[in-house]
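Naming follows writing order (A, B and C), and every chain is counted from residue 1.
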Amino acid sequence: MSDAEAHEFQFGSAERQHEAAISGMWLFLATEALFFGPIFLSWIYARHADPSAFDAGSRHTALMIGLTNTGLLLASSFTYSVGLACIAFGSRRGMVIWLAIAWALGAAFIGLKFGVEWRMDLKEGLFPGPNFAIHGPARSGAQLFFAFYFFGTALHGLHLVVGLGLVAWIIFQAERFTAERHSPVRVVGLYWTFIDIIWLVLFPLIYLIGRAS
Amino acid sequence: MNPSAAPASYLDDGHTLRSWLFTTDHKRIAILYIGAITFFFFVGGFAAFLIRYNLLSPKGLIGSAETYNRLFSMHGILMVWFFLVPAVPVTLGNFLAPLMLGARDLAFPRLNLLSWYLFMVAGVVALYAVVGGGVDTGWTFYTPLTSFYSKGHVIAAVVAIFIAGFSSIATGLNFIVTIHKLRAPGMTWYRMPVFLWSLYATSVILVLATPVLAMTLLLLAFERIFGIGVFDPKIGGDPLLFQHLFWFYSHPAVYVMILPGFGVISEIIPAFSRKELFGYKFVVWASIAIAVIGFLVWGHHMFVAGTSLFSALVFSLLSYMVAVPSAIKVFNWIGTMHKGYIHFDAPMLYAIGFIGLFTTGGLTGLFLAALAADVHLTQTYFVVAHFHYVMVGGMVSAYFAGIHFWWPKMTGRLYPEMWGRAGAIIIFVGFNLTFFPQFLLGYLGMPRRYFAYPQHFEALNLLSSAGALTLAVGYILPLGYLTWSLFYGERASANPWGATGLEWTTPSPPPTENFAVTPIVTEEPYQYRQAETVNHE
Amino acid sequence: MNGYLPSATVEGREVDFLILALVLVSCAVLALVFGLILLYVVRYRADSGVYRGAPGRKTWRFEISWTAATLAVFFVLFIWGGDLYVRLFQPPADALQIYVIGKQWMWKVEHQGGQREINALHVPINRPIQLVMTSEDVIHDFSIPAFRIKHDVLPGRYESLWFQVETPGTYELFCTQLCGVGHYSMSGEVVAMSQPEFETWLAGGAAPGQREDMAAAGKALFTAHGCSGCHGEGGVGGSPATTGVSAPALAGLLGRSVKLQTGATVTADEKFIRDCLLTPDKMPIAGYPQIMPSFSGQISEENVLRLIAYIKSLKSGSRT
């Protein structure tokens, strides 16, 4: 549609496009929040019905890996924000470096989560099913806990992988962005931080609540 | 050809398949959507036809209960997610939102195209599920039947709905941002046509409710695949949790289906009464109120499901509350006709039919909100009749009203008026004949989803099936004459109805960029000047 | 069993009154809506020369009045429906209990005397009947249109339904929650008969030797599954001195409040006993070590009901 520029319509200015993109992303994040909502809700509901079994399941999770991963994600949000500040001040090089660090931290999370932690869990027989490793009275409830665990972390991991793709795309497109025009960097940043927030709900549900009680 | 010779219409902007399949023009995407949902409407309608055929005899005519269960499940799934939910927003909404706003396109044209492709992928998966044998769970997918006991392509059906959901979300998101950011100069919120307000309310529901359904279906699929899950009572899960989550989406989704219909009717009644819409602000805020309260009434689907007495009382009260804004709208439409100059073109006939059928559907909703009456009537044909009055009698009438009203704008052609009026009347009669007997069947106790039924329900079922045949004629008729008009219909002027609204200020069909210059809005909508009766016909 | 049947229960007649009121309200509104539309399309059709006057501008008076009127009518209907609903689902204490189990695709009924029937339910008239219902597989729904009553039947829970029939007769029974291919065939009949006829019916059928009183059957199970080993013969409770372990007394348990180790207090109903049997770890009783094993998967739904019937039959301090 080449003649788009020929008409000075509401959508003409870059500023309007920026505003639209940002509000579009916020709306999308509202969608995502409600997407994850049912897992959190049913998780809490199911734990309430059978707390002791859920806590027994929770104690089989690897707290140290979870803690490290939380650190990784928080750090990656921070570095992304620094990258965003860099481009806002006009330093494209700075942005690329900080975003690359953010990307690497995110990738490390994926590696640790699925390469190390999941493998440990599967080896221990924590995937729900006939070969489930936890026996005794807590067996069925702990299976439910691990059903939530695998389902929730897989879905979060999937979102993170999409996020990694988007950050990589920003890095490869770095040439396009200037101090004045960089709304994609901001939009992806919103998404990237949102994935952290999801994790910050999952983390206590998986590792902390069961250990605390 | 076109009386206003200036820029070429959007229909002439490329004639290749490629120019359609890769278009980002909201008007072309709307046309693509019309094609898709018309297809699903007739597939779903065919299933309905077979259902009514089966029920001609108390013993069931199609021979197999399994086939019958699959038929009504696919009828529900296709009609809800592939026709009713998208119907007005993606077709009329897509076509008209930028035109009514005085904009060039939606805020995210490529996202708009993507949502069509998502919809088509979802449709293909759904058809795969149908062709592969279908599902027999009903469109409600209650656990544990769906997760453990049912056979059939549950996963494929769930995936289809999941993808269609994301198409809905993309559409809703696009509309919200568009309405916020792309209004023409002078188009304040209270100068927007009611159609845009109802589109806005619809979009809010789509964006906030659909993801809940998506996750619920994922949890269901997980449970079915791995044999373990949240809804399984054997390991401490709760099947009622599924119903809560499902209806948390599916009740607001009912308003997704009907709110755009309210918008269409609110455009048509003033246009054919040549009079300002009565109580504009009340109609507008009624839409928003419905969208908000609609999120709080899901529990009324579960009055006999095993929830607490307290929750039943709360949800009953809220269900009455959500009916108030609808009543306000009906009264305002009638108030609009008061002292108007009423014309009886096909869109107006459909709109009047809509008011009658929707009011009946809404009033019978009161029966189901009254707790003790619901106990007797729920899960019987009374419920079937009630939601068909709202969804089919209401929504499909509104969709047809809108299609006829904006047909000249979309295609640049006039449809044959007498055929249009005949269609509206046949549909109204056929519809009542089909579904009114079902109210009686329900009161007499005939349960839903029964392949065979006791002898004494036969007479009313015969009547209903006869009505279905009439209704089928009524639905095929517009398909015929509207298609005919594409080739042989009279050319339409920019504003054949003498209606207000920015969409009527641009040629029919509109040029690709909609407006030659940005329109500037200086007055409230629906400023019909009564004395100077618009010359028409 | 044909065509329209007037309600066979008192509560059903009240439901009919409510529905009648709703019909009248609906007819009045429809008459108003259609009447006005008809009036306006005739009077204000485009080519009618009737004088329209200056267009009115103020609308809010109309809006407020019809909103208020609608709200008032709705509120009355809400109170009416809600009040009746609460009564529909609160069984009287003296109701005769009958146990119902739904499974794909049949209804299994067991009376307290051990009489069993399939897809049929015999009840005496003029006496409140309470059905205690559960499902072995999917969700079903026990619906008797002539009594204007229905309720879902869920796996893993006990739902209850009550009614008191006035008119003897045979009434249709349907499953009204989609439960699979055979959903349509999961119907049967409810036979309401006078008390003497009901007694005769109870006494007929299988010879007394072949069927066993539910509570008696429960008692046998109580011994066979080793319950009496801890809870004592007759469920009097156990202590290290008598049975070797301390176990709560079961006699007179139903309806009592029970304190849990979590600090919560629950009322002991059928569901509570069922949960204690199948998932004892979830509800450790205060004052006792949680050593009760789970019987999940070892006892059928029928036998759980028999055990419950037995525990119900135990009066405080008495041995049976």
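The rule we apply is simple: a residue touches a chain if its C-beta (ideal position, glycine included) is under 8 Å from a C-beta of that chain, and two chains touch if they have at least 3 such contacts.
In this text the structure is predicted, and so the values were computed from the model without any measurement.
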By Cα centroid distance, the chain farthest from subunit C is A
The pair out of A-B and A-C sharing more C-beta contacts is A-B
Of all chains shown, the one whose Cα mean is least distant from the combined Cα mean is B
Whole-Å distance, C-alpha centre of subunit A to that of subunit B, is 35
Cα centre of subunit A to Cα centre of subunit C, whole Å, reads 45
Expected list for subunit B, residues touching two or more other chains, is 234, 236
Among subunit C residues, those touching two or more other chains are 279, 282
Residue ranges of subunit A touching at least 2 other chains are 49-50, 53, 140
So, in the complex, the side of subunit C touching subunit A is made of residues 279-282, 294, 296
In their shared complex, subunit A is touched by residues of subunit B numbered 24-25, 102-105, 107-108, 111, 169, 173-174, 176-177, 180-184, 207-212, 214-216, 218-219, 222, 226-230, 234-238, 241, 245, 512-513, 515, 517-518
Residue positions on subunit B within touch of subunit C in the complex are 60, 65-66, 69, 136-138, 140, 142, 144-145, 148-150, 233-234, 236, 239-240, 273-276, 278-279, 282, 303-306, 309, 312-313, 316-317, 320-321, 323-324, 327-328, 330-332, 334-335, 337-344, 352, 355-356, 359-360, 363-364, 366-367, 369-380, 443-445, 447-456, 530, 533
Counting only contacts in the complex, subunit A reaches subunit B at residues 1, 3-4, 6-11, 16, 19-20, 23-24, 27-28, 30-32, 34-39, 41-42, 45-46, 49-50, 53, 128-129, 140-141, 143-144, 147-148, 151, 155
Per the touch rule, the subunit A residues reaching subunit C in their complex are 49-50, 52-53, 137-138, 140
